[in-house]
């Protein structure tokens, strides 16, 4: 059987509780973004565009929608005969079974899956970020530097550095230390949670880590420190471009608004690096004689009779006469009644907004409103595990 | 969204310990049969041929091979846009998660999956049996008799009846009682483990059963008795044709041998009711000048230089000069050396049989030998749970 | 359940759409922002649980092949049944058949092998949303040999001149099929027939040297059989000229007409393209327009249809026009009453104005 | 990684296989028990990581369409790239191209859009198992403009008369391409060329009114460019006549030849058919034969090839023969040196014997 040079493993198990009701029934990577996409479209499309045709998607929490969405992978051209996309939930073996206990444990438990492809390298991805990245270039760097592990990093503003995991590197780019959210950062290279490992090396560390009773079986907390401890060759690969963690309601809203500028940093119309997505087969959108539309992304199957200003509208949304949607994100199949006003809000899939309702706060810099079935809640900062 | 009249749920979680090393790394429904097939090909092909295009496959134990084998369902024409085949492992929800605790629990835990299709009826299947059956006819009977549940039964010889779950029916075919392995059977109608339920009725019983602390959450032990208790309308549908439980090494061997008669009851060459299967793309089989082949099924990718007599040979098997394979089943990619003699055996996938080895006992009625990597074991009767 | 197989017979459809049919047959002409004409016939069949469909194509069918693939968009890329494009590619010196009977004769295999009791034959020019199971029901109730489908139109337009009309009695039995220019009962080029009866008629037609199965084999023998008329009552458009294409396209800007064609429970499907949502910039102004994904609109658009990936520059003004896939209209260009085929480019500042009843048509890949 | 796109050019392949090419082009002729001729070219490309392949077909390509689908069997049914059958279906009055240059000219789109730096052009008649990445490697090392592929044959057979031969120097540079009947360096109708250079040559060829791109645009201008010869050393068969088809088919009964063609790490793939394993009854007797799935053998078969779903009755004797898909040979029939195309039926007890050098050929769907 043919061998795969590099297999990607996408950690899609997170519940994403900071996204509140948006993730009540769906895993975070399945959250909507950009008028058409789900977050997971970005890493999956990056894989396809980077020539990586074998991707394991590790699921655990509410996988039904994710399973259904990924399907056979044909949306991303990942319906391959050998390889392609495989959804990997935890399973029971002859000696029992258990849920994934950490990111490293999730990979450990799928060693058998990886071994099928005899990969030289394994690319570890998370399903939480919006970005376009050529993993092949990173792999080339990883191979050229003969690293055991390569971690993709991003230069963040110095004032933000203490919110990230910071990689301290020497002059050759080799990682000499790793600080998780340092109070006094020595560097502004933040880890993007994208790793490439030599598979035989990683495998050995995963097996050893699994034996450690106090390990949390996490890449950031256990595996990377163990590599550092053993003086393994770890390189930092600097990524330049748009990258956004959309782990909170605010950041999800912001990332959507980022798309509306005339030349957004994240170009969705670039045919040379397409973001693939499941395409619902709906008629062309209809902009009525009464409509006003500006500064907007609107998807097929929509009907706009009212005003849309600086907003992102997913498929199947109907906006009736005299309604106003401003600075907002309207998720699929929302029905917005007459004379409704929506400001600075995210409206969850399938919501029905009765005539004359007002949602959100028009004040600039006011909090973003998240409206879901059970009513509206205001987004402030929550201290939650993800 | 369109609705599905009938959705099938295939219970494929069994470990099948009576099949010993054959099921050490694979779930029982993935066990090989008939020179080309896996057991699960039969219920899946039956679904396709019966016009049932939505099938949930409930997995739990070692699902990797089953997942990979089922893939996107294209082998069975079940790669459908809406519906098709879905593999359903247990998963974690906001309130935690657990393994499937019984057959009824497995369906209970997938109520959300079923509700997507708003089915009127649910067909419950198991992945343990070899048979060709038109489920559409059974569904027609179920609808015509306005049953809450219909159970497919088979007339077994009276002397065997006490080994089965026996349905006692009145003159109209209505089930009035159910005896699990009765010492003194009143009837010879054995349950085949194929049920059709009205979905709204079943759903209610599944929800109630889940609340009962002492329930084993099993169709045969809990759900059917509860239906009987409430005097629900349950009909017996009599199936005529080949049906075999291949739960033991002996029965698996027998079912293979059944195929070799000139006009076997189970006709694999019937184009009007094909058994679909994943087709490995291998060259035509080569029968060498030195070969003798009679009474055999042989698959593509094989090379036969020796003698094959009354045997079933899977794909990719090489049989060297002067070797003899008699009354045996040789699973995929086995290499059989020169002058090897194999009698009354099942040889597990990928085995390499060195030159001059002798496996099995040529005596008629002697025990069947199962040869797997760790060596040969003799099949006798084991008392095991399945 | 009685099964129906479908045939989409393009053999007698003339390529009357001028520049739009230079490089493709009429069935492959883009329509309604993201579809092709043939999508309606195929989607109607798929929605009516027709799972085997043959397309009889003779000329300029390459873009059809590209568009239909193996029927993937309609879930018709199946192991048994599915969608087949059957161009003429036979070579049998003993074959006596002529005209579209060559297709029927040489594809007898398809008809025989299809797991079906009835055959529904359709063209591609009658745009509608119809359920053929309802037709079958009525066909059986009427105990008919053939059921032909018609539309009672409110008003007669030029396109109806080319169509056949039905003369029917009060039991909806067909008395005559003719070209009565005053009749409003427009035959929609669709009929349902029992499979074995069809086989018999085909053989007889070939024996008689016919070259048009419907006209000679059915219409010509009307008195010998029971032909029932089924009235289709939904949104309908007959597209067989540039003028009817233009007028019927813009008819879809009417919400009722649009909803009559695009229904959630019987969706019109088409080949999937991956495009970003349509983007409207700060200074865009769009009204009464259908817009497909991938468009980027800076300018002013009204009473128009924009297909996928169209770019409208700043200050450009588009009125009453149909702009097809991937066209680029540069800044300050002015277009009115035009149809622009795929991949065209209109240079900044230029103006093209056609007449409402005779739009200006630009063939594909032109730069003006 | 340098990317290669593939073109399978069938335009100059004559249908020389008599009855076997009555209804299909040579590329679609069944071969080796379960393949079609074209499977080898496509599989070699797929195994060489060529992910965009165009097939230039002109005639009798319908069975090819049916066989290739969208390239599913080779995992080439992709969103970007994949397999395309490109029959002539263009209509441009300003087009000046002729012969196979019509294909190259009208499919410039394919060549331009393919994500590739090199183009590998192949026919379908040279059966082999070759890795084109190795060819590319040598092409780059030789700093060549074009690399042509040849086979050094041990013995010259009649089929080699029709092939071009290479005259090369010790650096494997091509001095001449001719019809030298004594040369054993058989040009395999495959060449590799850099994409932009190819575009340039195509344009020049059209400007010169050429009608055969390779013969006039490359062979005819040999002195102006650096043409390198790559020697293919594996199992090879050139099939361009019934006689060469028959002899080369049976050559595969030799284990070494067979293994040279069917390799686990570069498998020859074909459209998947769902068939049960071959069944051998109590009284069957089979020797030195390739047997495909779905066969049911009661009789005696030797030195033969049985395609999928062939039934051999009791007491039937088959020697030195090729029996294609779904044929039924009834009890006690005797066949020797015959080729029987698909879906034929040989009545019980009948005897057909051809000559080893001129087998008896039966066209498909005959009952004898």
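For reference, chains read A, B, C and D in written order, and residue numbers begin at 1 within each chain.
The definition used in the following text is that contacts are C-beta pairs under 8 Å (C-beta built on N, C-alpha and C of every residue); 3 or more make two chains touch, one makes a residue touch a chain.
Listed by chain with UniProt protein names: A, B = Glucose-1-phosphate adenylyltransferase; C, D = Glucose-1-phosphate adenylyltransferase subunit GlgD.
Values in this document were obtained by computation on a predicted structure and should not be read as measured data.
Looking at which of B-C and B-D shares more C-beta pairs in contact, the answer is the pair B-D. When each chain is reduced to the average of its Cα atoms, C sits farthest from subunit B. The geometric centre of subunit A is 41 Å away from that of subunit C, both derived from CA atoms.
If each chain is reduced to the centroid of its CA atoms, subunit B and subunit C end up 46 Å from each other. Residue numbers of subunit B whose C-beta contacts span two or more other chains: 276.
Residue positions of subunit D touching 2 or more other chains, listed in rising order: 79, 274.
Subunit D contributes residues 75, 78-80, 265 to its touches with subunit A in the complex. Chain contact summary for the complex, subunit C toward subunit A: residues 32-34, 73, 253, 255, 258, 262, 267-270, 272-274, 276-294, 296, 302, 305-307. Subunit A meets subunit D in the complex at residues 2, 74, 77, 80-82, 276.
Within the complex formed with subunit A, the residues of subunit B that make contact are 15, 24, 59-64, 67-68, 71-72, 79, 86, 89-94, 97, 99, 112-113. Every residue of subunit C that touches subunit D in the complex is listed here, in rising order: 22-23, 60-62, 65-66, 69-70, 79, 84-87, 89-92, 274.
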